[in-house]
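The following pair of complexes shares a single chain, chain A, combined with chain B in the former and chain C in the latter.
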Partner chain A sequence: MYEVVVGINIGIFILLALSLNIITGYAGQPSLGHAAFFGIGAYTAAIMTAKLGYNFWLTLPCSAVTAGLIGALLGLVSLRVRNDFLAITTIGINFVTVAIFQYTPYFGASFGLGVERPQLFGQEMGNMHFLVLIVALIVLLCLFCRRIEKSWLGLALGGIRNNEEAAASIGINVNMFKIIAFTIGTALAGLTGAIYAHHMTFIYSSDFAFVTSISILSMIVIGGMGTIRGTVTGAIILGIIPELFRFMSDYRMLLYGGLLVLMMRFQPEGLLGDNSFLWRQFKGLYSRYRLRQGLESGKGGAASDG
Partner chain B sequence: MIVQQLLNGLVIGSVYALTAMGATLVYGILRILDLANAGAYAIGAYAGLFLYLSTGNILLSFAGAIALTGFFGFVVQRYLYIPVLDRPPIVPLIASIGLFIFIQDLLRLVAGPRIREFQASLPFGAIKTETLTINPTWILIIVLTAALLAFLWYLLAYTKIGLAWRATAQDLEIAKAMGVNINQVVAYNFLLGYAFAATAGIMVGMLYNSVFPTMGDVPAYKMLALIVLGGLGNPVGTVAAAVMIGLIETLIAGYIGFFLPRDAIAFVALIIILLIKPEGLMSRKA
Partner chain C sequence: MTANSILSVRNLQKHFGGLKAIDTVSFEVNKGETLGVIGPNGAGKTTLFNTICGVYEPTAGEVLLGTQAIHGLKPHQIARLGVARTFQISHPFRDMTVLDNVIMAMGGSHYTGLKGIFSISRTHDNISKAEALLAKLHILAQRDKRAGDLSLGYMRRLEIARALALEPKLLLLDEPCAGLSHDATQEFIDIISQLKATGTTIMLVEHNMAIAMTVCDRLVVLNYGVKIAEGPPAAIKNNTLVIEAYLGRDDDIA
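Moving on, here comes the complex of A and B:
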């Protein structure tokens, strides 16, 4: 079932991209170390089931909480260092986290950690089960993000993204909302990590290296930061490109790098971002369509010819 | 033994200083963290290696690699960074990461993924005393770094273009209003910064006798750490921070031992220092 596995991989990327979008897209805090939290979740889950014998379903909330707590610490850091330097700090955190996984014998060091496939109703969970679980989570997460966008939280985060000082001056508790964004985003990455570990049944520290962080960031940047449609589209595009172009899998990073440069140079809003070329065209078409419909219903169809 | 270790640290610190200098200068005037500078480091190493293999002349290989990489720096600033200057800082940062990845992969595809040896014979021999040996590559690194940094210091302190650079670093808008040709300053800056990176790349290739596509990885992130430690775009601070990190790393790895690999030390130090003093260790603004 090749398609199912591809679907799962893309689904995991969508989850990760959506979780990073909360931090970088909504709150505007650059994070180049998101894979570290993905890894923290994966290692938490792997240790819980493989070493301590807990149930898979219990690892999901536990991984989320562990990653979220460490993410909240990063949120605290983000109060002291900003913009570029926050980005560097997150790179550093990614490197140090991977180094800890790689050099601590308890975490399997460079041999990685093996995990068994979890049971569901007395039966081993197959790829199809994982796909259903992931798709369900994606739908839930999209609804959740939609809810954030419409809520006071989303507005506050937008304020911080656009102008931190201005947001603070109108009484938004900038510190609290930043920490909330980091906690939610990293907790979701941790949850995804738990699923990833049990789907792959084997994890290495290198799975969560800086390159993975860059891939996740590329997805939201290319798709359109700060929007659900853009984030999901970006994750699907970058997830599916290597599968469609298997023959050029050797050029994957070249393509990623080149795409990032070109997008930043010519379309920093992303493909489907709020002010991007494609989205403007689409909105233009849509409003023209609405106008035409209005005219048609208003004049009883008389204006439709011509 | 301790002298040997200190010297080793000094050599590594020199290389760091040279690598980080280009990015420091860029950060100083444009406030862009230029990760692609580490790509220039790898390009320089490859160019130097191939020129050396084809001509056998180390001087020619240095000159050729510096010219090529400097030109590359000119192209990068003109067609990538200058057009996105008025965007939020994350845009040029991501662009530079993209460019860095692109360069690394291009090198891998063109030159192959394997590690290539860089055995250059230098026109002078090792200095030997009873207790320590300074091999020729070390001498080259220390002397060349000192010479280049002295040249840079002269340029910044006593020439017109240096004055323009300092003015731009203080305030880009006001410098522009006063008639400083910003585009020229930026162009010189990238030419020089990428040339420095190329020099560092060749010397590291010779030092470890290996040139490979991802050789820019560690310098890239360490370079960022050094910019921060050195006080954000302050050239003198960066040199001090580079030598300090080179020594600390060597001494910790040589005597105390650390549970994490050598390259993680700089990051741990970076994170701690950023938390205590977010404006950098040696910032101009206290």
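Moving on, here comes the complex of A and C:
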């Protein structure tokens, strides 16, 4: 069962990393407060089931909408401030959100909020069920991100990431697309929060603190921002390290920080980013393989011609 | 307004605090012509472009595209109405491929509505259209490179390809030859002549008189935000006001 729980934890990080990747990787908007939206989703869901008696499945869309609406507000703020100031603003939002959870009695204050495991076909949902649900969501989210990359939305976000003035000059409504990116990314973090709350059955404000935001950001930076493979890889690596080396879990931030600095210095594209060393090697190998195949089939063709 | 005017700028002003970067400037751009905007550094040429394109809201005055007033619209709206531009300092989408840079400018109406934004962008049709534009600017071989890795000359060409992908009614080029070698400049003059030949209406900011004289049908001369002359190159060449404006500086009479 231990492996299942580790799998769930990593799965949740993958969902969070993929959702942040839409904001920071695709649209290029720094966010150092993503955990706030994870928390908003978790608290929305916990209150809905534990206090108001709603069904767990209903909390998924509701948490997404709540977090997404607040995320849209952050998007509006992002229109007014420069990128470096936006980073500071998102940190602020994270601290304020955590403080609200921590000091409001309705949110359980420092005792946190307890919820029941949801029922599935008259049975309490077990860890295995959660793992299946999370894996299914990861697959869906990867497909969704793939679609973004292939669509006009992906190009518009890429334009904003690279140069807002140039993006506007070719007909891209920069403000609208920034808000779209923030809304989608934060809504997905909110949805993940709803699952987290019901898997953990207990949530504390500290689960959604600034360090969690930094962990999520580290995952996408280390794995390779702007790519699905890099984001997922980063989440798996940083999710597994503290499990492998239990003694390190107290030094997790030190580890992440160290890795971040090393990455920035030696491989700013991340491990598997589009222009990273590893990915270029891989592409080189692949194209050589293709070339060889082409030559062989070409030989075959020539033989049959003759 | 003449019958074949594409753009009319009327009593346009753009002030930055006390600085009158554009001071009551009026002119027309006619269909199919290449209008040059010349003037010494700091004359207000880039500001004029930025005001036409909606980057700055005019302090006063009007800009009409055909018969439609476009002043006060946002840059992306003006772009979609058919005014495309390049930048004095190249602004490619650096971490994206050359091909994507061009396809991005073909989004148009797809950049609104859920159905539009989630529809596939790199269709066969769009790819071949983009490739045709890259071929036109002689950078098809760079297709899969990251735009940020291109040389300055190629970046400039890419920006023109990207602007043309909007299928613009009017193309604004801000000093496309600045910083290029003699040979690259010559190639650019050829490219602009080719665009003229295919009927593109162009407004060209050129700080170098010699180049402007060769490619433009008509010139508008700015100095300290004021239009000091307008006419065919031959007449501008002998205009005393223009000569003074340039002789006041150290360069550029070629």
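The working rule: the second predicted complex is superposed on the first by the 294 of 306 C-alpha atoms of A that agree within 3 Å, B and C clash if a C-alpha of one lies under 4 Å from a C-alpha of the other, contacts with A are read in each partner's own complex, and residues count from 1 in each chain.
Note that a residue touches a chain if its C-beta (ideal position, glycine included) is under 8 Å from a C-beta of that chain, and two chains touch if they have at least 3 such contacts.
What you see is a predicted model; the values in this text were computed from it and never measured.
K.L.:
Should the pairing of chain B and chain C on chain A count as a clash or a fit in the superposition?
P.N.:
fit
K.L.:
A:T89 contacts which: chain B (first), chain C (second), both, neither?
P.N.:
first
K.L.:
Between chain B (first) and chain C (second), which, if any, makes contact with A:M264: first, second, both or neither?
P.N.:
In the superposed model, A:M264 contacts chain B only, not chain C.
K.L.:
May I ask you to decide whether A:G158 touches chain B, chain C, both, or neither, giving the answer as first, second, both or neither?
P.N.:
second
K.L.:
According to the stated criteria, A:K150 is in contact with first (chain B), second (chain C), both, or neither; which is it?
P.N.:
second
K.L.:
Counting residues of chain A in contact, which comes out ahead: chain B or chain C?
P.N.:
Between chain B and chain C, the winner on chain A residue contacts is B.
K.L.:
Applying the touch criterion given at the start, work out whether A:R280 contacts chain B, chain C, both or neither, answering first, second, both or neither.
P.N.:
neither
K.L.:
Put down the vertex angle at chain A formed with chain B and chain C, C-alpha centres only, nearest 10°.
P.N.:
Vertex chain A, arms to chain B and chain C: 80 degrees.
K.L.:
Scan A:A168 for contacts with chain B and chain C and give back first, second, both or neither.
P.N.:
second
K.L.:
Tell me, in angstrom, the smallest C-alpha to C-alpha distance between chain B and chain C in the overlaid model?
P.N.:
10
K.L.:
Could you give the residue numbers on chain A that contact chain B in one complex and chain C in the other?
P.N.:
Residues common to the chain A contacts of chain C and of chain B do not exist here, since the sets are disjoint.
K.L.:
In their complex, what parts of chain B are in touch with chain A?
P.N.:
Per the stated touch rule, the residues are 31, 33, 79-80, 83-84, 87, 89-95, 97-106, 109, 221, 224-225, 228, 259-261, 263-264, 267-268, 270-271, 274-275, 278.
K.L.:
Show which residues of chain A lie in contact with chain C when the two form their complex.
P.N.:
Touch residues, chain A against chain C: 147-148, 150-156, 158-159, 161-163, 165-174, 177, 180, 226, 274-275.
K.L.:
Which chain C residues qualify as touching chain A in the complex?
P.N.:
My answer: residues 53, 55, 74-76, 79-80, 84-85, 87, 91-96, 100, 103-105, 107-108, 110-112, 116-122, 146, 162-163, 165-166.
K.L.:
Where on chain A is chain B touching in the complex?
P.N.:
Listed in rising order, the residues of chain A that touch chain B are 24, 30, 32, 77, 80-85, 87-89, 91-93, 95-96, 99-100, 103-104, 214, 217-218, 221, 250-251, 253-254, 256-261, 263-265, 268.
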